Structure formats: C-alpha cells, structure tokens
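Note that chain A is present in both complexes that follow, paired respectively with chain B and with chain C.
Our next item is the complex of A and B:
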C-alpha cells in the first residue's frame, strides 16, 4: 500500500519556521499550531501522548530529522505535521546532530498501521540528502509540499 | 556472508523505538548489516532506512550480514527481533 503523502500534508499542517528553541517547546508549538488549524481538538491529550512517548526514548533520529509522535484516542484518524527549524534544536538525537526537520504524527491508540506507513514513506524520501536540502531551502509551504509529492 | 529470514513478532512491528534498538545493536558490529523485505534492501545501520521497510507484525525480513563478526551479529540481531525488542507484546 502506497500512501499519498501530498494528501496528508497541506497548508494547515506544514510549519515553516518554528520559533521554539527547546525540545519540549518545539513539540508544544507544533501541537498548538495543529490546534489552531483545527486538526487537533484536545490539546492536552495530544501533548501528553507525545511527551510521554518522548520520555521513553528520544525521537531525534539522524541527519537532522526528528519524528515526535504519540497515540491518543482523542483523534479518530492519523494527524500529521511537518515543521522546520533551520538553525536546528538539540533534540537528544541518535547521531548527536541538532534537529532541523520535524515530522509529527498523532494517531488513535488502536490503529498504528497508517502511522508506520506514513513514517516509512517519509523516511524513504528523507534518506536522500537532496530532499533534506530542498526542504531546508524551502521558503513557502508549497515548496515543502512539492518535496513530498 | 550469513543470511537469515526472520518474522517480526512484536505487536507494533518495526516502529521507531524498535528500529532505534535494532540500529544501535547493528552499529556495535563491524560487519555490514543489510535488511531485505519484499525486494527492498536497506542499510540496517540507518534508522531512516529501517523505517522505510514498514515491517509490521507478521512481516518476513531477511538479515544479510557480512564481515568479521557476522556470526555473532546475526545471533544478537535475531535474538532482539525474536525477543520482540524487549516489548511486552
């Protein structure tokens, strides 16, 4: 099953320039922006789900990519967001590099399939250095979405 | 080179935390670690690579390990996968 990434990403869940400069604040800011765009109704539940997951093991991966995520039944389908922080933030990553590209997913407790599939598709793309460079060079939401399509 | 086909048994499959555990373990060995699923071969020392497999519970993956410590690497990685990445389910 191939997932249409473009369908999952739009103006309402692509955030170009995160303001926060700590891991916790980055997560809060992304969730707050998803609340503003109407994607998330229960801010507290989403925040708790992501922060609790983050405590188990950091989602700071490699090459500047972090994938904060959580599961909560306060959402009834997979919610995704892509955000950038070009200067980077210490996200306690595996390779010790600062994180610049944040891929967030919030999914219902019982359905992890779409979440794994989404991460697989995004990872396939972000493994390529060119895709990461294009993302970090993007100046508009449309340019970000183009990288994913 | 040693190869072994293994079934992913834990409930969540090769999700992020499991992938990190697998990659951290693979990186402890000198040997190259490749993982194959449905014809795709990825570097088992890269989390992003491992996540691209989308290996859910019940999927069959093949470890292909080559190098000086290939035997012990295979044994260790196989144990991690069979032990469900030390997850409860």
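Our next item is the complex of A and C:
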C-alpha cells in the first residue's frame, strides 16, 4: 500500500533552512515553526513528547537522516514536517554522521492510525541515495515536495 | 458479541416462526418444542462429535451427522416422551422429515458455513497455481458428475434420462470436495506447500466454484423438470447462462468493490459491528441469489469470496467463530436427522456402487490431469486422495434436492453414505500416500516463495515473550492493522492491512516475523517503537519504590486473621 506522502506533508510543513546547531534546538525550532503554521496548539506538550522519545533512544538514523517523533494527545491527527540543515548537526546518529534531513511526526497518543507507517514509507523512499541527494539539492519547497511525490 | 450474533441469527428465523404462528394458534407450544429440539441437538452433536474426534480419531462433523441419525425422527426421535406426550422429533407429512423452524435454522447455518468457506478461500494460491489447479478441479468435477449421473440412469428404475432431476442431483452430489480434512492433514504433515499440497488446495477452490455453479444450473433445470416439461434445451441454456451470469457478475463486482466495501465497513469502527454488517450482507446476497432462482449458499459464498482478500477477512472469521461453533453442528445434526435407513432398504447395492464410483471419479478425475502434468503415479494418487473428502456442500446439495422433491429420502441416504465413506477412508489413505518418495515425474514449475523479510526476536522467558507478543499485536492494531490468530494450537498470527501481510509465529521464547521484503520498514519500525516502550516499562518496574513491601502487604492476611489495628 502506498501512502500519499505529499498529501500528508503539505508545503507549509517543509523548512529548507534550519538555523539551530544542536539536537535539542533543531527539535525546538521545528516545533516552533509548526506552532507558527497553526499545526500545533500546545507547544510544550509536543516538545516534551519528542524530547522524551529522544531520551529513550536517539532518532538519528543513518546517512544523515533523523526522525524525531513523539506521541501526545495535544494533537488530533498526525502532524508531519520535513526540514533540511545542509551543513548537518550532531544528532547522536547510529552511524556517527551528522544529520542533514529531519523528518518529524507528532501523533495522537490515544488514537490509532497509520502513524509509524508514514515513517516507514519515508524510510523506504530515503533509502535510495538519489532521493537523499535530490532533497539536499532542493532549493524550493516545491522541489522537496516533488521528492515525496 | 457472539451472543449478539446468536440473537441476530435467531431473529432471522422469525419469518418462519411467524408463518407457523398463522398455521397454529399455539405458538408457545411450537416454540417450546423448537427450544427443546435445539437443546438436544446442540448437546448431542457436541458430545458425539467429541467422541468421534477424541476416541475414534474421525472428523467431528461425522460425529455430528451420526448424532443426527441417532436422535432423528427415524430412530430415537420418534419415541414418545412422557413429559411431552409426543415424540421430540415427530415425523412430518412434508418432503422434509424435520420441522420448518428447525430446517430454517439449518439453512441459516448453511449460509454461515458457506460465507466462511468463501472467506477462507485462498485466491492467491489458486491464481498462482491456477492452471494445474483448474485442470485437477475440472477433471474431478466432470468425471464425478458423469459417473454419478450415469449410474443413476443405469441402476435407478424411475430415472431414464441424463437430464432427469434425480440423475442431475446425484451427479452434482458427487462433485463437491471438502478440503478442510485434507488441509488439516497436509498441515500436520507439513505438506501444505508441496507440489501436491498446492495443487490440491488450488483444485479445491475451483471445485467449490464449479460445484456451486453446477448446483445453480441443476436447481434451475430441476424446476423446469418438476413442472413436467420435456427437456427444454433453450430453457436449460438460459438457466445455465443466468447461473453463470449471476456468479460471474457478483464475483467480479465483489472482487472489484471488496476494498471499498471493507473501507465502508471500517467506517463502523467496531470490529463487532463490522462482522455483524458483513454477515448481514452475506444473508442479503443469499436472499438475492434465491430470488434470482439460484441457491442461497451461492450468494453467501460469493460474499465471503469477495471479502476474502481484504484485510478484515481474518477478523471476520474470528468474530464469526462463535456463530459457527453454535450453528454448524446444528446443521450437520439436522442433515443426519433426514437419513431414513428404512427408505434405503432396496438400494443399498446402488449406494455402494454410487459410493465406489464417487471415489473413483475423484481419484481418476483429479489424478489423471495431475499425472499428465508431471506428477508420477504416487503424486497423482496423493492429489486424487486429497480431493476425496466430502462435506457441507454435498449435504446442502442433497438437502436442496430433497426439499425440491428432486431426490427422495432413499437418495438422500445414499448421499450421506457416500459422504461418510469418502470422509472416513480419505484421511488414512492420504496419510499413507504421503509416505514414500517424491511425487513428481518431472520437475514442475512450482515457484518457490520470493525472498522475504525474516525477523526473529528472542526474550528471556516464555511468559515475557507471550506478554511482549500481545503488546506487539496491539501496536500493529494501533497502526490500523488487523491481527488475528490463524492456528490456535501453533500460535500463528496473521497481521494484515490492505496488501501488507505479515505472519507472526510465537515459538516459546522466540517471536518470528515473516513478510515480503518491501514491508521490512514498517515491521522494523513498529517493533523498534514497541521495544523502546517495553524497555521503559520494565525500567519503570525496577524503579518501584518497594515492590517487596507491596508484595508483602498483598500477601499478608491471606492465611491468617487480619490484625486489628
């Protein structure tokens, strides 16, 4: 089954130029931007959910990809975001590389839904080096969205 | 939930009861009789079924049939009971030896049976081995039908045409295979995925379909026949076309719209409600099929077949299991009740010949195509023996024939006899046939399964593994997967969501996952998240301030008087 990643992402949730330079700040910045776009109402709850999950095990994966995520009932539905930091940030990743591509999801705690499946679909896509290269080369939001289309 | 189904199914028999109400003012008497009859049937079918399976090592259904014969109107059921001042199962004046209410319950049971048979149909296996399966299925159906029909024309004095309703019904009776017994043996012998195993399973799918379409045609023709008309080939062609048309259109529509239907059902959000509505739809299609001049079971089977490839199929099977366990023994028992041995006195010889030919029909009809396509004699015999057992479809065909007056009680008895003999001899024959070497003459292109994703997790103890397994299943359900136990003895679970299918096997301290390579990401991520949660949970238990004190407090006072403070 193919999920419609493009539909789940939305242009307003793509951030091309993250400013922060530490793991915690990257998470904060992404959540703040989601708060600005009106996707998250309770900033503190969302932040706590993602940081708590991060404490249990870092979501810095391989090949520069990080998937910070968390569960909180302060959201009604799955919230997703894609962000880039081309210079990379130390995200305590599995392969020791800096992370450049950040896929964030915040999902409701008590409601079932294909939340992890979103990350699985993204992982399937970004396993391909070409897809990662295209993302990092993207200059506009549209170019990022195109990778997920 | 299961009770709600029982209410539902009993509610469905109300029209029958209502008609009885018009005929007789004493409805409470009728109901008392029905309740007592059902009580005896439920208990007797279960007890004799268990005796058969536990002590005689025979399928339960045979025990249920025999229970029906024993307590039915032709044996113990005709004895007048002092409390009732009449027999519990009095003989009736109608074509059917049981009351319409009881027969109604058996009809609902047959719909449940065929709906579930449809749900269990393994279409992918059939499609994968469709050519070989088709040849085996078609061969078995054609030869068995021909032999059954022919022997009736040759040996029965009042049957003088191949197209006579009796001959047609006897032919149809010979065709149906009940693969349940074979599947159990194949699974026990780990031969399910052997070339013989997949050929039998694929053949049995087509066998079911052909048998049911054949029934539709035969019912139609016998309706013309019973009107006393001479053979009207044009009419028969119309009926055959109508039957195939209804079958084809409904099946194709069902398969096309199955996903939408399952999506619509999921809107209900409750698995119980989904099962209830799906069963309601099966009843509805069964009614439509009957209105179209076909048999009800055709509609029920099509609805099951349509839903069989959706992710809710296992959930439906699990939810309907309660209804199945309650109603299906009633069905087999009621079928047994219709056996009148005294009516068979003059035709025992015919019965024996018919039974022998029914067995030969399957062995040769299925074995020959298998032999031609590359099996050696041993393999061809295995395929033929696997297609031998008869079951519910034979009984339903026989009861429809009896109700329509196309066959008499004597032929009904013959059908039961053939069923009993074929089902008793098939298992030992099949087990014996699988001893020995390869069943292939040439290398047959039976495709090996594609390289998939295999994940194995080992935990410190069986208890922890079971606990973690339940958590993992819940995690999949939270991701909107449908997970259910496939095999109660072996702890195999199937986890499905649209076209994602994952098998979870719980083996002592190990949990094993098997799925297609493309699903590796979703399985790994769900497991990763769940194990992180579990780690957190176990650490939380460690952090309990004083678990020992907690245990002491709970244990104190269990074996002593509570101290007064």
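The rule is simple: the second predicted complex is superposed on the first by the 145 of 149 C-alpha atoms of A that agree within 3 Å, B and C clash if a C-alpha of one lies under 4 Å from a C-alpha of the other, contacts with A are read in each partner's own complex, and residues count from 1 in each chain.
Basically, a contact is a pair of C-beta atoms (placed from the backbone, for glycine too) under 8 Å apart; a residue touches a chain by one contact, two chains touch by 3 or more.
From a predicted model like this one, the values you see are computed outputs, not experimental measurements.
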*If you stack the two complexes on chain A, which partner ends up touching A:65: first (chain B), second (chain C), both, or neither?*
first
*Mind working out whether A:56 is in touch with chain B, chain C, both or neither, as first, second, both or neither?*
both
_In the overlaid three-chain picture, which partner chain does A:124 touch, first (chain B) or second (chain C), both, or neither?_
both
*After superposition on the shared chain, which partner residues are touched by A:141: those of chain B (first), chain C (second), both, or neither?*
neither
_Applying the document's definition of touching, compare chain B and chain C: which contacts more of chain A?_
B
*Is A:114 touching the first partner chain B, the second partner chain C, both, or neither of them?*
second
*Those residues of chain A which chain B touches in one complex and chain C touches in the other*: 56-57, 112-113, 115-117, 119-120, 123-124
_Touch list for chain C against partner chain A, complex_ = 477-480, 497-500, 518, 521-522, 525-526, 529, 532, 535-536
*Parts of chain A lying in touch with chain B, wherever the complex brings them together*: 56-57, 59, 61-63, 65, 67, 69, 94, 112-113, 115-117, 119-120, 123-124, 126-127
*asked:* Going by the contact rule set out above, which residues of chain B touch chain A in the complex?
replied: 12-17, 20, 23-24, 46-49, 51-54, 56
_Applying the document's contact rule, which stretches of chain A touch chain C when the two form their complex?_
1, 53, 56-57, 112-117, 119-121, 123-124
